[in-house]
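There's a structure below that I have some questions on.
Each chain carries a letter (A, B, C, D, E and F) given by its place in the written order, and its residues are counted from 1.
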Amino acid sequence: MKTQIINGVSLPNIPWQDKPADCKDVIWRYDANPIIPRDQLPTSNSIFNSAVVPYESEKGKFAGVFRVDDKCRNMELHAGFSKDGIHWDINPDRIVFEQAEKSTEEVNQWGYGYDPRVCFIEDRFWVTWCNAYGWKPTIGVAYTFDFKTFYQCENAFLPFNRNGVLFPRKINGKYVMFSRPSDSGHTPFGDMFISQSPDMKYWGEHRHVMGPLRAWESKKIGAGPIPIETSEGWLCFYHGVLESCNGFVYSFSACILDKDEPWKVKYRCAEYLLSPQKIYECVGDVQNVTFPCATLVDADTGRIAIYYGCADTCVSMAFTTVDDVVDYVKSHSSV
Amino acid sequence: MKTQIINGVSLPNIPWQDKPADCKDVIWRYDANPIIPRDQLPTSNSIFNSAVVPYESEKGKFAGVFRVDDKCRNMELHAGFSKDGIHWDINPDRIVFEQAEKSTEEVNQWGYGYDPRVCFIEDRFWVTWCNAYGWKPTIGVAYTFDFKTFYQCENAFLPFNRNGVLFPRKINGKYVMFSRPSDSGHTPFGDMFISQSPDMKYWGEHRHVMGPLRAWESKKIGAGPIPIETSEGWLCFYHGVLESCNGFVYSFSACILDKDEPWKVKYRCAEYLLSPQKIYECVGDVQNVTFPCATLVDADTGRIAIYYGCADTCVSMAFTTVDDVVDYVKSHSSV
Amino acid sequence: MKTQIINGVSLPNIPWQDKPADCKDVIWRYDANPIIPRDQLPTSNSIFNSAVVPYESEKGKFAGVFRVDDKCRNMELHAGFSKDGIHWDINPDRIVFEQAEKSTEEVNQWGYGYDPRVCFIEDRFWVTWCNAYGWKPTIGVAYTFDFKTFYQCENAFLPFNRNGVLFPRKINGKYVMFSRPSDSGHTPFGDMFISQSPDMKYWGEHRHVMGPLRAWESKKIGAGPIPIETSEGWLCFYHGVLESCNGFVYSFSACILDKDEPWKVKYRCAEYLLSPQKIYECVGDVQNVTFPCATLVDADTGRIAIYYGCADTCVSMAFTTVDDVVDYVKSHSSV
Amino acid sequence: MKTQIINGVSLPNIPWQDKPADCKDVIWRYDANPIIPRDQLPTSNSIFNSAVVPYESEKGKFAGVFRVDDKCRNMELHAGFSKDGIHWDINPDRIVFEQAEKSTEEVNQWGYGYDPRVCFIEDRFWVTWCNAYGWKPTIGVAYTFDFKTFYQCENAFLPFNRNGVLFPRKINGKYVMFSRPSDSGHTPFGDMFISQSPDMKYWGEHRHVMGPLRAWESKKIGAGPIPIETSEGWLCFYHGVLESCNGFVYSFSACILDKDEPWKVKYRCAEYLLSPQKIYECVGDVQNVTFPCATLVDADTGRIAIYYGCADTCVSMAFTTVDDVVDYVKSHSSV
Amino acid sequence: MKTQIINGVSLPNIPWQDKPADCKDVIWRYDANPIIPRDQLPTSNSIFNSAVVPYESEKGKFAGVFRVDDKCRNMELHAGFSKDGIHWDINPDRIVFEQAEKSTEEVNQWGYGYDPRVCFIEDRFWVTWCNAYGWKPTIGVAYTFDFKTFYQCENAFLPFNRNGVLFPRKINGKYVMFSRPSDSGHTPFGDMFISQSPDMKYWGEHRHVMGPLRAWESKKIGAGPIPIETSEGWLCFYHGVLESCNGFVYSFSACILDKDEPWKVKYRCAEYLLSPQKIYECVGDVQNVTFPCATLVDADTGRIAIYYGCADTCVSMAFTTVDDVVDYVKSHSSV
Amino acid sequence: MKTQIINGVSLPNIPWQDKPADCKDVIWRYDANPIIPRDQLPTSNSIFNSAVVPYESEKGKFAGVFRVDDKCRNMELHAGFSKDGIHWDINPDRIVFEQAEKSTEEVNQWGYGYDPRVCFIEDRFWVTWCNAYGWKPTIGVAYTFDFKTFYQCENAFLPFNRNGVLFPRKINGKYVMFSRPSDSGHTPFGDMFISQSPDMKYWGEHRHVMGPLRAWESKKIGAGPIPIETSEGWLCFYHGVLESCNGFVYSFSACILDKDEPWKVKYRCAEYLLSPQKIYECVGDVQNVTFPCATLVDADTGRIAIYYGCADTCVSMAFTTVDDVVDYVKSHSSV
C-alpha cells in the first residue's frame, strides 16, 4: 500500500469484491446491489442515505444508523446491527433520543431526522444528521456507546444546514465538522464549510473548504462519509449535483484535505467517481441519485466499502482501495 | 364484513385476486398490470387516469370513460366496454358530446378533456372531467344512459379547477361534488372542497374538506374515485403529492367522511396506501405517478378493485376490501 | 346627452368638478385628491379600494363600504356615510356580519375582507368583496338595508377568486356577477368571467367575458365599479395591469357589454383612461396603482364620479360624463 | 416612569422632540428628517441602516458605525462621532479592521459589510454586522475602545445569516446574540434566533425566538437595535416585512422578551409601530423601507431616540418613551 | 418512390431494418438499440446527440462527429468512422480545432461543444454545434475534409443560441442555417429561425420559420438533422418539447419547407413521430429524451436511417422511408 | 482640453449649464429637468429613452428619434426637431418606415419599437432600436437623410437582443455595432457584445466586450449613446442595473475602448456616474431608472450634453466635459 491509513482499524471481514476484470473505473459496484431494499421494514417506504461503522470489530460486527422514511414519508432514524456489513438487522422502531443535558429537552422535540453519519471519536460513537428544529433543517448531534441508547446534544448550528460530518479525531484540540449551509427547500446552491468546537457544543472558527466547480458538481456539493485519515491527508468522499432540464443528478467523487488545516484542499478529483447509471440508482422516489454516507476501511489492505443511498429509495455498496482512489484523485485533480 | 356497503351493487364478477401471502400492505397490485397499455389504440400516445363502472351489471358487464392522449398529445375522452373489467374494448374515436341545453352550445366548444370520473345517480351515469373552457381547466359535466350518447351540461365551476368527483346520491336533497381549485399550470397547491347543487347546474354552499397534511401529501391532494357509502361514512380514495428535488410523486390513500355533512372528515389515513414503486408507475411520460379514478365494489363481499393511472401512461388495477381499508384508515388516522 | 342612463338615479349633489380647460383626457382628477387619507381612522394604516353609493338619495346622502387595512395590516371592511360624497364619516370599527342563514355560520368565520363593491338591487344593498375562506380568497356576499347591520350569505364561488362585481339588476331573471379567478398570491394572470344565479346562493352558467389584451392590461384585468346601464349597453370601468421590470402598474379603462348577454363585449377601449401618474398614485404601500371600485352617476346630466384606490393607501376621485366615456370607448375600441 | 430601565445610562442630552399634539401614534418622527443625507460624504451613494451609541457620555458625546454604500455600490462601514446625536462627523474612509487573532487574518479578508449594530458590553464596544465571507453573508464581530481602531474577530456563524444583534450584557454567564438565518439573495423568509457563547468565539445553544406572524411581518422579521433591559424584560425593536405585488415593505415594531431566557417572548406587538409613509421612506434606492439599527435611551426619563434607515438611502430619527412603547406592546400583544 | 430525393446520394449499405409487421407507426426503432452505449470510451460518461454522414460513400464508409460528455461532465466533440453506420470507431480524444482565420484565434478559445450537426456542402463537411463563447451558448462553425483536421470559423451568431443546422446547398446563392435563439439555462421557450450568409461568416436576413404549436411541442422546438431535399420541398425532422409536472419530454416529428423560401412551412406534422417510450429513452442522465441530430438517406430507395440521442446518455437508430414520412406529414399537417 | 474629440462637430449652441459650485460629481443635471414631459403629445403616456443628434448643425438645429409609449402602452418611435436641443417639436404621429429593400417587406411588419439610437455615418443618419420581429425583441436598423422619410433595413440579429448602438464610423472597413443579447422578458442578465458587418446587412465577427462587474452594474449592462471618438479611444456611456429586493435600479457610467479593436476595454469606471436620485428619476412608470440614449458633443470645448430617460416616463439632460469624464474613468477604472 503506497498510501497509509492513519488511526485505522483492522477489518479482516470488511465486505469485499475484487474489481471486475473489465472494469475501467476507480470504484466498482457490489454485484448484488441494493443490499437494503426499500421495504425491509413493514413500515418503511424507503431505507437509504445511511451510515455504518465497525462495532465490536474484534467480533467482526458492524452497527449503523439508517434513514428510514415511513409511509407517511416521515423521515426517521433507526439503529441496526450486522454480522457481515451486508445483511442488516434494522430496529423497526425509530431511535428515541435521551437528552444529553436538561437544557436540550426543550429544543430537541423530535420533528424529523435524515441522512445520518456515524463517527467514533475517542470513547463513543457520535451521530450527526439533518435535524428538524422548528421544522427547519440543521445539524443534530448525539452520541451512543451501544447503538441502543442515544444521547441527543445541542444542534451544532443555526438552521438552515445539512450534511454535517465529523472528523474522526480532534484536530488542534478541537472537534471538526463539515457542514453545508442550505435553505429550507431543495437547496439550489451549496458549498462545504468546516467548523470547530472545543466541546461539541459551542462552534466557531468557520472555514470555507470548497464550492461547486466542475460540471458534474456545478449546482451544489456536500460532505459524504467520515473523512479517512491517510498519509496523504484526509481522504473525503463527497457528493456533487448537476441540474439538468429534468432535475438534479447526484454523483460523488473524492478530495484530499490538509491534515492540520483540513479546510485546505490539497487535491480534488475533477471527475465524479460514481454517477447514477444503474436502474436502482436512476429510478425510485428521486431519480438519478447516488449519495454516500459511510465507508468501512480496512487499515491493513486499504480496502474501502462505500455505502451509498440510491434514488432516495434503497442502500447499495461499492468498493475501491485507498491506493486506487488516492492515486486517481491526485492524478486528476482540479486544484 | 364489519363495515357494510350502503346502496352498493352486487358484483359477483368483480375483477379480483386474493392478497398475496407475503403482502404486508392494505392494497395489493394485480399481478398482470398494466391492464390497458399505452398503445391499445392506433392513435393513442397513452391511456391512463380513467373511470369504470358496473354497466348492465346483471349481465356482468362494465363500461367506462377513458383518458386517451393522442400523438399530438391532445387530451381526449373515449368510451369503452368490458366483459370482465380487465380487458377493455375502447372506442378509437373520442366522445363527441351532444349539448344538454341550447345555452351550453356556445360555452362547450371542445378543447380538451382529461381525468374523467363516472358516477351513477338515480337514472343515469354522470361524467365529470377536467374540461377546457377557453383552454382554462374547470370541471365539465355530462350524462349518458348508454355510454354511446353523452349530453354535455354547463361547467360546474369557474376555472381553474380539477378533480371534480360526484357523490353517488343526493345528500340533503342536493347533488354533492368534490373539486380541487387549481391554477392554469402544474398547480403547486391544492385543497379538496365540496360544493352542492339543487340541479347540477347552479352550485354553491362550498365547503373546505381538507388540505395537504402529511409529508406524502404535502404539496397538494385531490379526490380520486367516486366515494363509497359505508356504515362508517363515505370511504374516499384520494391522491396526494410530495415534491422531491426531481418533481412530484403521486401516491394515494383514503379517508372517511361524515354521511350527512361530507365535508367533515371522520378519519384520514396518515400514510399513503399505495405509492409509485413499480417500473410501470415510476417510468413513463410523467415519472412516479399512481392516480386512482375509479373503483368497482362488490356490496356482498366488500371486495374493491381500484383502477389507477400509472406514470400518465397506462392503466393498472389494485385490490383491497372495505374492511381492510376502513380498519386501517381508522387505526392510522391523522385526525 | 346622446347616451341615456337606464334605471339611473338623479344625483343633483353628485360631487363634481368641470373638466379643466387644458385637460385632453376623457377622465380628469379631482383637484383636492386624495379625499380619504390613509390615517383618517386612528387604527388605519390605509383606506383605499372602497365602494360608495347614493343612500337616501332624496336627502342627498351617500353611504359606503371601505377597505381599511389596520396597523397589523389586517384587511377589514368598515361602513361609512357622507353628506357630500367627498367627506366621509367612516365607522372606526369594522363591520361584524350577521349570518343570513344558520348554515353559513360555520363557513363565514371572519378572516379578512378587501376591495368591496356595493350594489343596490331591488330592495337592498348587496356587498361583494374578496373574502377569506380558510384564508383562501373568494367572493363574499352580504346585504344591508341601512349600512349598520350586514347579513353575510354563502360565498359565491370556490377559492381562488377576486373582483366580484354584481350587475345592478337581474338579467333574464338571474343575478349576474363578474369575477376574476385568481391564485392565492399576487396573481400573475386574470380574465373576467360572468356567473349567473337564480337566488344569489347557487351560481352557474359561467361565461368568459374578456382577458388581457393591450399592453397596459397585458398581465391581468378585473372588474371595477358596478356596471352602469346605458342605452349603448352596460358601461363597465375595469382595471388592467402591466408588469414592468419593477412590478405591476394598475391603470383603468372601460368597455361596453351587451345588455342581455353581458358576456358579449360590444366595445372595449384600447387605451387606459387613467393611469398612475400623480405622486399619491405612484408612491404608497404599493407603487403605481389606480383601482376603481365605485361610481356615482347622475342620470340627469350623465355626470360620473369615479372613486378609486391610490397606491393601496388612500381614496381619490375623478370625473367624466357618460357621453365622454361612451364616445371615446366606441371610437377607440379594440374589438 | 412605570417601566424602569435596567443597567441604563443617563443621557440628559439625548436628541429629543416631544410628541406632537395631534400625534396618535406610539412613535413619532423627528420633524427635520432625514438627519444624515445620502451624499454627506463625497464618495457616498447612500448612508443608512447605521448604529449609534453614547460615547464618553459624561461629555455628552456619541459615536457610531455607519453603513455607507459608495458609488460602486460597495457596502462599507464607516465610524463617526457627534456632539448632539443629530449632526454626525462621519469618517470619509471606511473602517479597516485590525485582526483580533492571527487565525482570523485568513478568513477576514474584506468583502463587504452592512447593517452594523454597536453594543457596549463590560469594557468595550462590540460591533456586529452582515459580513462577507467568500462573498456569502454571515455575522461579522469586532470590538473597539475608541471608534478609531477596530479589532475583527471570528465570524459568529456559518453563512447565510444577517441581523446579528448582541444583548448588552452576559446572560447566565454567556454572551447572547440575535441572528436571522438567510439565503444568499433577497431572502424571502426569516425567523429570529438567539445563540449563546462563553467567549464570543464559539457559539451554540441556538434557540428559536419568533417568526413571521402578522400581515405586516408576514414575509420575514429581523432584530433591530440592541435590546433595552427594562423591569418588564428585554424591550426589542425589530423589523418585519410584508410582500406586496410590488416588492417588500419594511416596517418595525417591538416585543418584550424574558430576562433570563430571552428566547421566550412575553409580549409581541400585533401592529407595526412605524411603517414607511414619508417620501424619504417610500422613495429611494429601495422603496418602502424603515429599518431601525440603534436607539439612544435616557435611563432617567425613559426617553428613546430610534435611529432607522430610510429607503436604503438615508438615516432618520424617531422618538418614543419606554412607558409609551411598553404599555402599547403589552396592551396590543399577539402572544 | 412517389417523393424524389433531390441531390441525394446512393447508399446501398445504409443501415436498415424493414418495418416490423405489427408496427403501426411511421418510424420504427432498430431492434438492437442503443447502437452506441454511454461507456464506449474509457472517459465517456455519455455519448448521445451525435451526427453521422456518408464518407467516401463509394467505399460504403461513414463518418461522424459525436457529443461525448466526459466524467467531469464536460461536453466535448469527438470524430469517428464506421464501416456499417452501426458500429463506430470513435476517437477517444476530443477534436482540437485549427483556426480557419487568424482573427478567430482569440474568440475560439475552447469551452464546450455539444449537439453537433454535420453537412456536406460543395467541397467539404461543415460542422455546426452549440459552442461556448465566454461560456455562453451560440453556434460554432467549422469544416473538415477528412474528419481528422477541423478548421474552426467565426461563431455564426451572438449568444444565446442552439440547434444550428445548415442546409446542404446554397439557396439563392447564400448559405442557409436554422438556429434556435435560447437563453443561458434550460431554455423554457424556443422558435426555429433561418439565417442567410454569402460567405458563412456574416449572417443576416433572419426569417422566423415556426414556433411551438401542438401539445407535444408546446414548450419549444429545435431543428434536428440536416434537411433532406425532396421533390415536395425540404423534409426536416425537428424535436419538440412538452413540459409535464416532472420535466421536459423531448419527442420529434417532421415538416416540409418551401424549396426556395425555406422559412415558409408547406406541411407540418400535427403529431410526434417518435416519443420517448423505451427504457433507454426514458431512463438516463435526462429522463424522456429522443433528440435526432442526423439521418442517412439512400436516394435510390428513399430509405432513411435516423440517429437520435436517448435520455442524454446513448445513441440509437430508427428507420422510415421518404414516402412514408412525406405522406404522413402531408396527411396530418397542422398548417 | 487634454483629451481631443476625433471626427467631432462644432456645436457652439450645445445646450449647456456650468457645473454648480457645490457639485462634487463628474456629471451634473440640468436644473430644469425633465426637458420633455410625459404628456407632451396628446396621445403620449410617456416620452423617454430617446436619441438626438446635431442636424444641419451649421444652422444650429437638432433632430431626434423619440420613444413614445401611447396610452395603450404601445411602444412607438416618433421623429422631432429642435432649435436649442432643449425644446422639442415631436411629430404626433409615429414613424412609418419605408422598406429599404423588397425583401424586407415581409419581415418588417411593424410590432413595436423602443429605445432608439441615432448615428450619423458618412452620408446618412442610421437609426437602431429594439424592434419587434414576431413580437420578439431584436435590433431594427433604418436610415434617413431628413428625419422625415425613414428606410427600414433587415434586422441586424436574431431575437432576443436589445441596446443596439452603432459606432459613428467604419472600423477596419466594417460597420461596428454594440448589442446586448437578452431574453423575451425583463432580462435578468446582460453582457455587451460587438458585431461587425461589411454592408449593414450581414453581421458576424461577434466579440464579447464586457459583462456585469461592480455592484451598481451587477445584474446587467447595456450600451447607451453613440460612442464618442477621442484621443484616448472610444468614450462610451453605458447603463448598469443593480437588483434590490424591490426591483431594478438603472444607473449609468462610462468606459473607454480601444480605437481599432473596440471590444478591448482600456478603462472602465468602477463607479456609476449618475444614479436615480431625483423624484422624476425615482417615481414614474418604472421606479429608479436613468437610461442614456444620446449625447451632443461640442468638439471645440469638449462639452457633453447627455440625454437620458427617467423612470421610463420622461427625458432629462445632464452635462459633463470630455476631460472631466475621461480623467475620472481613467483614475477610477476597474480594469
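Everything that follows uses one rule, which is that contacts are C-beta pairs under 8 Å (C-beta built on N, C-alpha and C of every residue); 3 or more make two chains touch, one makes a residue touch a chain.
Predicted, not measured: the structure shown is a model, and the values here were computed from it.
> Identify the chains adjacent to both subunit A and subunit D in the sense defined at the top.
none
> By mean C-alpha coordinates, which chain is most distant from subunit D?
The chain lying farthest from subunit D is E.
> Name the pair in C-F, E-F or A-D that forms the same interface as B-E; by residue number, over half of the contact pairs must coincide.
Equivalent chain pair to B-E in C-F, E-F or A-D: C-F.
> In steps of 5 degrees, what rotation angle do you get fitting subunit C onto subunit F on the CA atoms?
In degrees, rounded to 5: 120.
> Are the interface residues of subunit E and subunit F largely the same numbers on each copy, more than half shared, or largely different?
Over half of the interface numbering overlaps between copies: same.
> Taking each chain's centre as the mean of its CA atoms, which one is most distant from subunit C?
Max centre-to-centre separation from subunit C belongs to A.
> On a C-alpha centroid basis, what's the spacing between subunit A and subunit B, in Å?
Taking the mean C-alpha position of each chain, the two centres sit 42 Å apart.
> Just the number, please: Cα centre separation of subunit B and subunit C in whole Å.
Averaging C-alpha atoms per chain gives centres 40 Å apart.
> In subunit E, which residues are in touch with two or more of the other chains?
Where subunit E meets two or more other chains at a single residue, that happens at 246-247, 283, 287-288.
> By the touch definition up top, name every chain pair that qualifies.
Listed in label order, the chain pairs in contact are A-B, A-D, A-E, B-C, B-E, C-D, C-F, D-F, E-F.
> Which of the residues in subunit F end up touching subunit E in this complex?
103, 107, 133-134, 136, 138, 154-161, 179, 181, 183-184, 189, 191, 193, 195-199, 201-208, 211
> Touching subunit A in the complex: which residues of subunit E?
38-39, 42, 45, 69-75, 186, 246-248, 283-288, 312
> Quick check: in the complex, which residue numbers of subunit C touch subunit F?
Those residues of subunit C that touch subunit F are 24, 214-216, 218, 242-247, 249, 270-272, 275, 277, 279, 282-283, 287-288.
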